[in-house]
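Working notes, structure below.
Chain lettering (A, B, C and D) follows the sequence in which the chains are written, and residue indices restart at 1 in each chain.
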Amino acid sequence: MNILFLKFLFGVMFLTLVFLHLTKKNFLATVAYSIQSLVITIVLFNSFLETNNFYLLLVVFLSLVIKVIIAPIFFTNLIKKHALAFSVSTYFSTPLILIIISILTFIAYSDKFLPLTSIIPNNQALLSIALSVIFMSLFLIINRKGALSQIIGILSLENSILAFIIFAGLEQSPGLQIGVIFNMFIWIIIASVFISMIYKHFGTLNVTSMKNLKD
Amino acid sequence: MLEIITPSVSFFVLLSIFFIGAISSLIYQKNDSIANFLSSFFSIIGSLCGLFFSVSMIIYGKNLSFIINYPYSSFFKISFHIDLLSAFFIFIISLISLFCSIYGVGYLKHFYKKYSIGVFGFFYNLLIGSLLLVVTASNGIFFLIAWEIMSISSYFLVVYDRYDTDNIKAGFLYLIMTYVGTVFIILSFLFIYKYIGSFEFIDIKSGISLIPLSIKNNIFIFTIIGFGTKAGIIPFHIWLPAAHPAAPSHVSALMSGVMIKTGVYMMIRLFVDILQPIPVWWGILILIIGSISSLLGVLYALTEHDIKRLLAFHSIENIGIILLGLGSALIFYSLNMPELALLGLMASLFHTLNHAIFKSLLFLSAGSVINEMHTRNIEEYGGIIKYMPQTAMFFLIGSMAISALPPFNGFFSEWLTYQALFQGVAQLNLSFQGIFIIAASSLAFTGGLALTCFVKAFGIIFLARPRSTKVSSIKESPLSMRIGMGFLALMSILFGLFSGYTSRLLEKIGKDLSIFKDTNYFTSASFYQGIDIKNSFASVSAPIIFVVLIIIIFAVIFIFTFVINKNQKIKIENTWGCGLNLNKRAEITATGFARSIILVFKGILKPSIQNEVEYHDADSRYLPKSRVITIHVKNIYNYYFYQPLRNIINIISLKTKNIQSGNINAYISYIFISLIIALLSVL
Amino acid sequence: MTILIWIIQLFFVPVISPLIIGVIKKIKAKFQNRQGSSIFQFYKDLWKLMYKDEVVSKDASWIFLYAPFIIFTVTIAVGASIPLFASFLNGPTSDLLVIVYIMAISTFFLSLAGMDTGSAFGGFGSSREMTISALAEGGLIFSLLTVALVSSSTNVFIISGINILNHSQHLLSIMLAFIGFFIILLAETTRFPFDNPSTHLELTMIHEAMILEYSGKRLALMEWASANKLIIFIALGSNLFFPLGIAQNISWLALVIGIIVFLLKILFFSTIIAILESSVAKFRFFRLPDLLITSFILNVIAIVLIN
Amino acid sequence: MFKLFFKIFKTKKNLVYLNNDEKSDIFLVGQEIKVKVKKLFKGSLAIRQIDAGSDNACEQELMALSNSFYDIERFGIHFVASPRHADMLLITGPVTRNMAKAVKDAYDATPNPKIVVAVGDDAISGGLFAGSYAVSGGVDSVLPVNYCIPGDPPTPKEIIIGLLKIINEVDIKKSEL
């Protein structure tokens, strides 16, 4: 498919991330995450079409099943079980978040990062979007207080890295595919165990109450 | 027959014996006596093979180097290079570990129920094995690995008697200081690697000209600090008096007799062999360190009244003397007088061998006394010569050897060091002469003070009346301990008598080093086993002194007991104390003995004298029941150097502590910021 | 012929040393306007002590019993290996350091014997003796080193052979070294400013305190050994620093002259010591280290001045 | 200091003028002692003076023995620091109860051919202090006394003459053995 469509897809990813920053509800966050992973599977599928390498198909199928379907379902019943609907709170006020996001994208697009984004000259724009998406998801993890939204932040970070890698011309390498599949599984398991454990211990998923982690 | 021993396979057999011993004693951990038997059996056999191996190497003068190339990495190769210098050190290691293991068979019996002997055997054999590796490794990384194994196994041996809390503290201090030293060693190897690109000692030696002089000076400073901490020179010595007493006696004998010599070995290997065209000031610095360590070591030993700490301080003093020889050798070589340099190196090697022998003899005999008395404070000893006559005899031989009294081996190595320093004073111009005079005077004063210290040690421990009731209940140490000590005493006499022959061998070892290839001998052998300095500046011959003294002693005893007044009756009475009834309070104590010396050197030692008086009834302070005077010498190193260092580190670490805010978001933001900075800096 | 000379050399020191003690006592008595005991009195004392029984304390070990023999042997051995009247009896034990360290054996056993009987006086005597000898050893080695460097050999006989006085440019360093050596002589043989040999007050004794416990034959040996030690130091002082009149070759005339000159030298030294003992008061113990350190510094200056 | 030496050597020996026979007979007695000491004690007699609670009168006299006038050293007698070195024990003063053990110890500490001499009346029989609670009588109440030199306190001359008589007695007794 042509660059234009890919750019549109990445724009969608960018928007989902912005939306993630702004939403107050966990459920909407999970929905945004599933859209994002859907975009990624489409991009993967697109690269499969180009290279018709069988493993890529396997990856696409797996990510489709897990990331787009199972993860959100899992998150939603988590929300239902522990009534976490409204517990999304952030450190910075929304205008400040927007300012930071813009700074991050500005940095990603700045020519300082030219050597990084122009690994493959023709999809230089895509790479810079991917880079900005990486930075924004990182910022999302920092910004959120709720453990669930942090987990989503991490997963979206993982998606954005995946996007960046694909367009950095590495989609053929077996290492990438295995790596992707592997970390998907791991992350999902850890996330769920982690959340239930926190919940059992603290009774709430609000990060600030975990002060006694310190010493 | 010796030919077949020298190929490399025999070296691996030697190493494998120790490792088998280590593992087997670990397997049979449950049953103490089997573990003890296994570990000492293997260590004895191993050290015997070590002895044969090194003696054959020295006699046949063959160098041996073989590399096991490890496929993956370019710079890590398990490579050995055994030239005569390392063969000499293998000889020392195996000689001392042989007698320490024999001693250990008897000594470990009193650990049976308390701790597991298998673990001890494991670390003991591991230590000896790693010592052998350290002196033969010729690849930087492989050397560091062996160095680490040695440090760790000796750490576990130090904290072996773990029910006593200050052993743990001593072990902890020992661990920190060794790792500080190792950091500096790694730094110097990295510096070398940066310029030469390989860790092989041979490549370093060949490519030495690549390293600019300023870097070479840094390397020198780092190696001095690194190996100095292991050897225990003055500013870095604080772990030695803490760690050695904590270890079981035959381990502390092995440690202070042999392990601190690995620091000296590497100093010789680096300064004399590898980094060879060296500036003069290196030798001068080593000479000054040597004289300071020897003088201060013996002064602190005088203030001690814990027998093992006293011996540990004496190790520092003798390391100082070894460094005197080494420093003079380096100075002579850089002023291109190779013969005198060979003399200086010979003196330091001979003293390394002698110190290993008599220091381990002293530690073993002190250990067997402590084994009976269960305390290390010599104020409670006294009159032990009547209960443990042979141990007293061995301690006497050891203390006569260490204070360099003629018929024993200590004298001849100190005599050689003196000759090296005298040559320095005689032949060099004014500025170097000044330094050599300082060195010679520190050696002279050290000799005198060492004599005083060992009169105090021997007199307080063994002579006069018992100072505590425990003394009457002790008995002679078991047979295996006495065999170990007996052979060491015999060694110290033999190396004294055959000092002429040993100095010939040491010269051969010295000439094997590349820099001394063509130098002719400065000392020659006179026909009755003596050592003659060139143009008959000086000569000494051990057997003649020994024979003269023996003949005259027997003549005098014969004349004065049998010829004059044969039937003289000897009446046994109690000591004449001007009519006072002499109890144990009338005897001199270690503190009393050393008080006059401490007050003479109070500038350096800064003694603080407290006396606690206990009265019959507290309010009317006229009738003191007992008065205890303790002289405490301030440890100026802790007070002025290590304490402030510790405070600074604490302050810094407290400041950095509040980074750890306990909030995950904060941590991720740190990651994020550092990522950004890294990316910006890289692109 | 040489055997005869060796025998004379061997027996010279033990035979002459009591005479010197008698001479010193005589001169001191004359200074106190007393007639004093005859100069052969010390021989009589020794002879009498030989025939007395002994009382040994029950706390003493074999060190107390055999120390007198060891110390006496050391003085004989050193006496035989230093230049007295002839400078050609070169032996391997006559190296400078060997002599100093063999003398150290005698100090070692003397202080051990002092401590062995467990009396307070013996303990303190040996502690003070070791303090002084520890500080004196540096000065001793360096003063002998000066002379060794001037005559470029540490063998004591060779030094006395070379007539160093005619090297005029070294005269100053030899003088300084001799003064340093004389202080060490007084320290090692515990003569006046360091210790009063004829004191009865146990607290001030250093050398006497260690032999308080001895009696009979062993006491005689100890006294005799300390007299020998005095002769040895006088011999070293006179023959190394002023080696005139020493027999260079094996001719009867030279030997007789050598012996006579040596006796004169000994007489001269003992008069100096006696005058010193009658005129100077005994120093306080903690002023002695300063005296010893000055002697050490003198020797160091002497060495520096050589070249 | 040199002025002092100069003065010593300048003054004539007999500054304290005594009739000649006083000084001469001390000299004569001294010579006899010297001959006997040479015969019996091989020329040197070591004396250890023990103060068993005396009023220091006898000590002064014994001290005077070694001044330049009486000077017993020239006869071969000298005082020593410890009983171990001594042949003869001169005990002065009545043996007080505290000193009894000390004197006994000193007696045991003296090597065998030894002579015990009680000097002064206090030592012989307790003198003025006989019978007091603190005194255990003369020296013979503690030790086997061989000889005694009477006098309260005996003048140095009497002590020297006493010593001569003691040595004569020892000589006679020895020749009887």
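In this section, a contact is a pair of C-beta atoms (placed from the backbone, for glycine too) under 8 Å apart; a residue touches a chain by one contact, two chains touch by 3 or more.
Being a predicted model, the structure only gives us computed values, none of them experimental.
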Ranking chains by how close their C-alpha centroid sits to the total C-alpha centroid puts first chain B
Write out the two chains that share the greatest number of C-beta pairs in contact. B-C
Return the distance between the CA-based centres of subunit C and subunit D, expressed in whole Å. 33
Expressed in whole Å, how far the mean CA point of subunit A lies from that of subunit B is 62
Mean-CA-position distance for subunit C and subunit A (Å): 96
Quick one: report the Å distance separating subunit B from subunit D, using the average Cα coordinate of each chain. 60
Please output the residue numbers of subunit A that touch at least 2 other chains, ranges allowed. none
What are the residues of subunit C that contact at least two other chains? 51, 53-55, 202, 212-213, 216
Interface hub residues of subunit D, defined as touching at least two other chains: 82, 84, 108-109, 111-112
Using the touch rule from the top, collect the residues of subunit A that touch subunit B in their complex. 91, 107, 112-116, 135, 138-139, 141-145, 150, 207-208, 210-215
In the complex formed with subunit B, which residues of subunit D make contact? 82-84, 99, 101-103, 105-106, 108-109, 111-112
Subunit D residues within the subunit C interface of the complex: 1, 5, 8, 11, 13, 38, 41-44, 46, 67-68, 71, 73-74, 76, 78-82, 84-85, 87, 108-113
Residue ranges of subunit C in contact with subunit B within the complex: 50-51, 53-59, 61-63, 69-70, 72-74, 76-77, 80-81, 91-93, 95-98, 101-102, 104-105, 107-108, 111-112, 115-120, 122-124, 126-128, 130-131, 133-138, 141-142, 145, 148-149, 152-155, 158, 202, 212-213, 216-217, 221, 285-286, 289, 296, 300, 303-304
Can you name the residues of subunit C that touch subunit D in the complex? 29, 31-38, 41, 43-45, 47-49, 51-55, 199-200, 202, 205, 208, 212-216, 219, 278-279
